[in-house]
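In the two complexes below, chain A is the common chain; its partner is chain B in one and chain C in the other.
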Partner chain A sequence: MDLVEAGAVRPGRPVRLVLAVACGAVAAVVAWVLASGGAGQGRLTADVHAALPRSGVEHPVTAVLLNFRAFDTMLELAVLLVVAIATGAAGGIGHPGVRRANLCPAPSSPLLDSLVHDLVPFALLVGAYLLWVGAHAPGGAFQAGSVIAAAGVLAHFSPRLRPRVPDRWPTRAVLALGTAAFACAALAALAWTGVYLGYPPAQAGWWILAIESGATVSVAAALYVTFRAVMPADRLGHGED
Partner chain B sequence: MRGASRIDEADATGMLSLIDILLAGALVMVALLTLGVRDLFAAAVLFISNGLLLALAWARLGAPDVAMAEAAIGAGITGALVLAALRRMQTFGERADGTGTAGTEREGDRDGPC
Partner chain C sequence: MPFTTCGVLLFAIGLYGVLAARPLLRRILAANIMGNGVFMVLVAGAFRPAQAGGAIPDPVAHALVLTGIVVAVSATALGLHLVCRLHELAPPAEDSRT
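Right after this comes the complex of A and B.
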């Protein structure tokens, strides 16, 4: 019921005015920073390109995300993990009535079934390709994971092909895999080279691929589990969440 | 990155193509519509459209990585989450309203779940 109230009540005019002014101010500051030359963009770009040969990958964005600023990326994965845990807990424990209260059975259309049947394997392939191609072209764990999660969301609407989510512990392990792989790699690198998250340059590409593989699985699982927790189950869903 | 070099050339000539202007205008328009429209289902659809336009804008800016993430996460998964939340709100709403008049009003809505 809280949700209904939050949705039905629009914020009053003063609140909206304050929000509009705040958003406008942020936009003005951003525009001013960009117009006044930014914060040393040219120097940072040159630094990244100079260090690229030692990063283990050829794509500068992946090099920054998985090597030069790997700590930030690890925290991003942790944020996704927290989101999945929070929504999972909220969807799994509270409001047991919602599931039964739902109104229409899942529509079982042959069109949707065949679309899901044909599209999901292709989406999985695209996800795997994005993960692999991230080393030397645009792509990477987040893009790959979200494409795979989107395949899961699509399959969710086809009762016959709906993904089965295993019991709690396997699900938790998969959700934590990316963050855990990252943290283990960070500590292993600390033991190996003496630098936290400082992979040995010769094998850095393999370290990055290993971390990204774990991250892809976790991103896909976190996004799909979050969706599943928010989406009210229908009658044909047989109650698993 | 091929995209980046193309944009560098565009910057060098100081050209802002018609597509870029239309894209920027459409982004602002759709964003305002998303905030202004009263029908929550329409707002969700406009939000997804805005995400797709934003992905195009990132691609035009020579940031294909961000464009892909925006299209997949910003438009795709977030859109699915918003629609799922909307569906859940309607479910809650019907529970809150019981089977009374408000509930039947909702049934008539074109964004009703059935």
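Right after this comes the complex of A and C.
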């Protein structure tokens, strides 16, 4: 019995049957509560739309994320940062090279190389567009960051074009940029208007764009770097970099 | 309503998986299914055609789900990384079904 399974012994058949019945009961109760209108009617919708002109953006979801509930979003970026650091990808935790003989890096393929070559610039363009369009339509820092990180993941599978992630302070600075930009904006707003994260309404749009630009870079970097940390190919090649 | 029901079902399936599954990878997947059920319920609940203001979805619920998705992805990545480390430190037996 190894460590992975030591704490997780599969329950026997009767226990699983009881569990299944209990889960079904939970589902029934939750469905009944939701169906009987237990949730409050959305007064917040009206509040958000009333305050939208002062938020600096036209899209209500972006306004909620970056202005009305900006503190949540700042902590969310901090969560991403913590995960990126915790996976050891920032170089904080040393990786002993993993020994897995059955996992080896995929051979280079000309088809993949040309696909990466053509698609990555396009993905970067889409990411920039999503960042910009977030002000008045669905989009924003997280969507843009995800698309850019996906470009990085695609490029990762092509050994020749794999992004270099140096284990030095520039990588860490890029990872921390979003959280740092948010924290600086919060303190600057505190000094300027006297309200934590209370941007001056006239320039709120520019504040939000600046924060989102930093957040996009950090989200993309954090997602890619976290993905890279769990990929075996990178670990096998760790000593060669 | 059908979306809310699907969300509740996903939540229950995920809950069963978290409690009853043995392999850690399967538990992580089950927790994700559970979370997606919650997101589905929230997004479905944000859209209330019957309410006064017409068919405008509640942006606060959408923002909460967006935040939740990012946190769920982060937590999943951390969980997967821990499982990888566990396998490195204690390689599973030949007959392991993880």
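Note that in this section the second predicted complex is superposed on the first by the 177 of 241 C-alpha atoms of A that agree within 3 Å, B and C clash if a C-alpha of one lies under 4 Å from a C-alpha of the other, contacts with A are read in each partner's own complex, and residues count from 1 in each chain.
Definition applied: a residue touches a chain if its C-beta (ideal position, glycine included) is under 8 Å from a C-beta of that chain, and two chains touch if they have at least 3 such contacts.
Computed from a predicted model, the values in this text were never measured in an experiment.
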Contact-wise, after the overlay, does A:Ser218 reach chain B, chain C, both or neither (first, second, both, neither)?
neither
For A:Val147, select first, second, both or neither according to whether it touches chain B, chain C, the two together, or no partner.
first
Which partner does A:Leu130 reach: the first (chain B), the second (chain C), both, or neither?
first
Determine, under the contact definition given at the top, whether A:Gly24 touches first (chain B), second (chain C), both, or neither.
second
A:Thr179 in the overlay: touching chain B, chain C, both, or neither? Say first, second, both or neither.
neither
Scan A:Gly139 for contacts with chain B and chain C and give back first, second, both or neither.
first
Can you tell me whether chain B or chain C touches more residues on chain A?
C
Answer with first, second, both or neither: which of chain B and chain C does A:Val61 touch in the superposed model?
both
Give one of first, second, both or neither to describe whether A:Ser158 is in contact with chain B, with chain C, with both, or with none.
neither
On the A-aligned overlay, A:Phe227 touches which partner chain: chain B = first, chain C = second, or both, or neither?
both
Shared contact residues on chain A - chain B and chain C
1, 3-4, 61, 98, 142, 223, 226-227, 230
What part of chain B is in contact with chain A in the complex they form?
1, 40, 64-65, 67-69, 72-73, 76-77, 80-81, 84-85, 87-89, 91-96, 113-114
Footprint of chain C on chain A - complex, ascending:
1-5, 8-11, 16, 19-20, 23-24, 26-27, 30-31, 34-35, 39, 41-42, 44-46, 48-49, 60-61, 63-65, 68-69, 72-73, 76, 79-80, 82-83, 86-88, 96, 98, 142, 219, 223, 226-227, 229-230
Touching residues (chain side chain C, partner chain A) in the complex:
1, 4-5, 8-9, 11-13, 15-16, 19-24, 27, 41, 45-46, 48, 51, 53, 56-64, 66-67, 70-71, 73-75, 77-78, 80-81, 83-84, 86-93, 96, 98
Chain B touches which residues of chain A in the complex?
1, 3-4, 7, 61, 95, 97-98, 101-104, 130, 138-140, 142-143, 146-147, 149-150, 153, 223, 226-227, 230-232
